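Take a look at these structures.
Here come two complexes built around chain A, the first alongside chain B, the second alongside chain C.
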Partner chain A sequence: MNALASPPTRTVERGLFSTYGARLGLPAGIVATMLVGSLLSDRFLTLQNLTNVLINMSIVGIIVVGMTFVFVTRGLADLSVPATVAVGGLLVLGLQPSIGTVPAALVGVLAAGIAGAVNGWLVGYAGLNPVITTLASGTIVLGIAQVFVGGVIVYGSDPEAQAFLTGRVFGVVPVIVLIFLAIVSAGHLVLSRTVIGRWSYAVGSNPFATEASAVPVRRVRAFAFLLTGTLAGVSGVLLGVTLQTARPGIGMGYEFDAITAVVVGGVSLLGGSGTVLYAFGGLLFVQLLTNIMVLQGVATEPQGIVKGALIAGAVAIDIALRKRGGRE
Partner chain B sequence: MTTASALRMTGISKSFPGIRALSDVDLDVAAGEVHAIVGENGAGKSTLMKVLAGVYQPDKGSIELDGAVVRLADPIEARRRGIGMVYQELNLVPDLTVAENILLGSTPSRLGIVDRRALREQARAVLDELDARIHTDDLVGSLTVSQQQIVEIAKVYAARPKIVVLDEPTSSLSEHETQALFRIIGRMTSAGIAVIYISHRLREVIDVAQRVTVLRDGRLVETRTTSGITAAEMIRLMVGRDLTEVFPKREVEIGDVVLAVHGLSRADAFDDIGLTVRSGEILGLAGLVGAGRTEVARAIFGLDDADAGTIEVDGQAVRIQGPRDAVRAGIAYVPEDRKRDGIVPQLSIKDNISLSVLDRVAVGGWIRPGAERTLAQQKAAELTVSPPAIAPRVDTLSGGNQQKVVFAKWLATKPRVLILDEPTRGVDVGAKADIHTIIGELAAQGTAIILISSELPEVLAVSDRIVVLHEGRIAAELPRGAAEHDVMHAATGEVSS
Partner chain C sequence: MISTRHILDSEAFHALVRNRVVIILVATLVLGATLVPGFLDFRTASLGLDRMATLGLLAIGLTVVLIAGQLDLSGGAILALSGIATIGLQESLGQIPAALVGLGVGIAAGAVNGFLVVVLRINSLVATLASMLFFRALCHLITESRPVSGIDPLFGLVVSRPIAGTFTGRTLLFFALIILLHLWLTRSVAGRQLFAVGSNPASAEASGIRSRAYLFGAFVFSGTMAGVAGVIQSLSVNTGSPVFGESIVLVAIAAVVIGGTRLEGGRGSALGTLGGLLTIAALTTAMEYQSVPAYLQDIVTGVILLLLILLDRTVSSSQRREVTLAALWRRARSSRSSRKNERTPAP
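Take a look at the complex of A and B:
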């Protein structure tokens, strides 16, 4: 096409820090934490300790994958996670004696997935506020779960399944950690390489232009919540089977741990940016920090203060980077 | 006029990157006068008023209020100096009462607690001065649009301004309501307030104003008294311009009807719109701001719902409930508001170009990076996006290149019908020429094109046929070669001479 040359492009100037700071800050933080940890305690840099860190990460880490999608699509957060985790844990143990562990696990994940689909419909299609919606749906689902178990603890009856999940492949890595890492990898690939992943970024960045570009915006929004519900169900099933006991309250706190990890991993609450890998990094960072504090004998209460400060710091950095980058 | 000037703006110039919005404009308004400002879209009316409101700082020129030179550094300063603005978009809080809205900035209080009685009395006094019959305790949200507008005027009036600017105050008012508004304007002028009245309704201008200033392309054409002037004369002054820009029109063979729209209606936006566009044809959609051009385009593309009407593409009736249906039917839309509806800022140039056709470069939901890159590179090259790299984020590009990326996205869908809504607005001269070349090329390839532009010379030069909208209805259909004043007559609702 014979078109005239355009004047030079105006490029937004970005400093080195705002270009790479966000990308390198977290890995650097993780390395620094490990250095500090190994200096403070001989027990820190042992295979045993680091494996423990990974095991501790696994349950909440699976939820982090879903929560990343919620953040990226500008869906704010899914607060129904404690309920969907409980649904998975209660159903797998409650149904185990009658239909066997694997079918019970599938029913548990499916039920949590249905709760996620309802959230997705309410947020994506009905356009309700995600925070209020998931707060309400979580309370309702938890109520149903409590009716299901009669408000008491459910005990498992399949020690073999428990042994399988906690058993170690090559004597090193527990199966549950492998499941977690597989889900993180799959989640990362879906977000970075698939159509629905790309749509998720677009919806979170500018929903109006995305809708005008013939992208099914509502479906993409709903997908993030469906995914989070399903993955929280998986977490609940794994938690129930490993503990061989489940109460309606077993999922409590996972929503905030997942949100902490996602925020520390640099995924923007305003949507449109962030990756599953970085959310995983955020989780790893928080877990390592917690581990060091435990090894140093720091009490639980100061640990909470540190975590809270981390979230505030991460959000402050996100906002600062946005301002530097001239984004709004 | 012998009366002292309340406002004298002299030699006002204002440029924006690539655009000269105002060149050496003078405006003189006397106390107690109604002074109208008229001109086409983009003639500089809004810019001039924003200079007066302290929103923009002029590059050159001076502003005198009551004979004293002032600098209006910001809107607060302008308000303090007695300049009251009533914009088309009302600035009211619907959940507060009439009285609370009128005295929002100066609510009477005692020890921090609102003095409700004083509030009501003061608001009543203001409304009585304007002879407005509105209850002070009604919620603003429950009032009609015209009543809300009166509350807005009362709010401005309560600050005791010397000059009040009314921007298109009657655009949503009935005849009866307009008369009520004129009474209020009369009250203000008899209190010595200078009223600046901006309107596209030329008859009203003649009725209400003593003098009228005509702007064209950012320049002052003439200021004269309204006695003896006709609407036709004003139109002549508004459009009689020198051709400063040439839009080359490419000759293309026009084929069969591709898009046919029948009886398309949407409440409060447009009514009974019928259009056809043929293969290779460029249909210009002209009209003033608010005539319903963009609304019609958005409804055809499925961004807004239509209440009635049918749409056919290549003779087949299509049901369009959203942009997905429209794209499937072969319709593409380059939107008016690029920032809001055009680009996805955090994504790369490549990701923006492929956004509407991801399924074509994906297998089983997985994007094939090679295929996507090839597609994006090819489209970016066709449209001469600069720089040619497709990895940078789209929001690092200039406005013109962002617009080319939006074009590239739609060309990737291989549309049968392309609707262009202000495709060259805010675009630099080079990119503008590029975009015109692209439009000609697309027409040559047989695409049916609808062009909406507020730049009348652009519409006139490029279109094969022009449909003029006036207040949501088709006012005229004009052949190629129609004169600018024919279009303006239809667009202002005046019978063509």
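Take a look at the complex of A and C:
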């Protein structure tokens, strides 16, 4: 640093490291992953492969946006995501033949949104523990969705919609990726630039002080769950239409994938900090890593070793940095 | 007057809510007995309980973790891992040493969870989510995603055969352990201190309890119980599979919560967990005899769970209101009497 300020340099440096270390760690990690990937495989840094990575992250990425809101408002996590994804997927394909794809998609998203609203009411207004509540409501919602379709696999009947979603704009970017990027941008703007976004941070950092400042704490917390439910429904609809098949277990694992991305993106489970962009970065990092493992021929299941270590490592580093920095 | 105060204090109502698991259990049993012929036969009960034993062992560990105010999602993965060790190592080590290794796997996995939560201070939900993914992946890696078979299918009969014409070995083990847990929680100093740690780790620490040791111990205990469950499960079917116990943790948490243990920590009981398990066992048996589809069973379980946590919530907030109501009542009475006093000297 500069010569005049030589004695306090150590503390300044440490302060800088803890302030920017956490913020730059993720971009650095992504760059490093891309470097390693391109060194390990010729196929990694091709347009085709990177587009595949984007397609793969689109479905879960839409849920990540909602989950970020849940984390920021100190809502712990929404474990009903597999159910709401399944609701979207099952309803869009189940209703497709009778009312058409677009209305069916709307019904699917609406139904998932209602489930999210119920979660929001239970957590925000009734004050229940989010983990057990979303666990229970997920079971119920999935059960109801299965009653509608008779508990079996549903097949799609509209290949045109499938072709539209996977079709490429300008011959490069698939429509589904555009939808995903639009939702991420919108989510980022809402969280960083709007009143409800600022309220979300306030509710997450100190609910009591926020309540005392006349912010509708319950509504803000309920909104996070409503948003997650709705977006999971959107995810489910897109998943159902692209696969043209949906079974009740279609959303399994998405809740954990979304939580992994959010946590690796440095969004605190204790609420009040983190951004949608960083959660997106966390997702990108995890997906690139997965992609490298796939290119290296690692089977799907053992990849959990890396994912598990990644979650624990990311959170532990985050906590250690905060302790040393004494602030966020 | 006296009756109003009675309702306000409502000792009986509170006792009712506290022991709601008994009421639910009795209701389930009555319902089952009317719907299913032979529901209350000993054989039906024995079979129903036998299927519940593995779940019960996991729930014992979870009861302790939940009382300590933490959460453990990794039980199912630990169960699978220790099962794979128990069966996979039989050829090279022999059956009993392999089972002991399986148990050791559970203890070690619990220690990993404890390390993540207590030393690295990671929130237990995220920490055990990470370790769950890790252990499950390890199972797939070791077995290459294929189930492994044991050398002697008869060896496992120890745990799955009825002993002296009563319950199966694993059911008896579960009963013994849950009674021990009940005694430990209610009669021992350490048990009381666990509740203190669960309700407020910082103040427990301030009053000389080593909170962190208790938290670590809770995770090791939970891992151990998952290990025991894994050993028993794998021995009874003579197979270790990487997909064992994939959705068992959520059901176990549901059973513990139905039994009145709070996710917020500091409250709960072993007998409550027993009641919760019996309720789920009775419900499952009754619904399966009626050939209710699995997804309808899920709806019923979910609704019961949700209603119970809502009830918990309303009771804990009405307790607060009751205090204020009782205070209001007293205030009203005292103000009336003071008014009387005011009035008496007036004329």
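Throughout what follows, the second predicted complex is superposed on the first by the 310 of 328 C-alpha atoms of A that agree within 3 Å, B and C clash if a C-alpha of one lies under 4 Å from a C-alpha of the other, contacts with A are read in each partner's own complex, and residues count from 1 in each chain.
Here is the rule we use: a contact is a pair of C-beta atoms (placed from the backbone, for glycine too) under 8 Å apart; a residue touches a chain by one contact, two chains touch by 3 or more.
As the structure is a prediction and not an experimental result, all values here were calculated from the model.
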item: Touching partner for A:Ser235 - first (chain B), second (chain C), both, neither; value: neither
item: First, second, both or neither for A:Gln96, with chain B first and chain C second; value: neither
item: First (chain B), second (chain C), both or neither touched by A:Thr290; value: neither
item: Per-residue contact with chain A, leading partner among chain C and chain B; value: C
item: First, second, both or neither for A:Ser200, with chain B first and chain C second; value: neither
item: Touched partner set for A:Thr84, first chain B, second chain C, both or neither; value: neither
item: Contacts of A:Ile259 with chain B and chain C, given as first, second, both or neither; value: second
item: Chain B versus chain C as contact partner of A:Thr73, first or second or both or neither; value: neither
item: Chain A residues contacted in one complex by chain B, in the other by chain C; value: none
item: Of all residues in chain A, those that touch chain B in their complex; value: 1-12, 193-196, 198-199, 201-202, 204-206, 208-216, 272-273, 326-327
item: Complex contacts: residues of chain B adjacent to chain A; value: 301, 303, 322-324, 326-328, 333, 335, 340-347, 351, 355-356, 358-359, 362, 365-367, 369, 382-384, 386-387, 392, 395-398, 400-401, 409, 413, 428, 430-431, 433-434, 437-438, 441
item: Chain A-touching residues of chain C, taken from the complex the two chains share; value: 71, 116, 120-123, 125-127, 129-138, 140-141, 144-145, 242, 250, 253-254, 257, 263-264, 293-296, 298-299, 301-303, 305-306, 309-310, 313, 317
item: Residues on chain A engaged by chain C in the complex (per definition of touch); value: 76-77, 122, 126-129, 131-133, 135-140, 142-144, 146-147, 151, 248, 256, 259-260, 263, 269-270, 299, 301-312, 315-316, 319
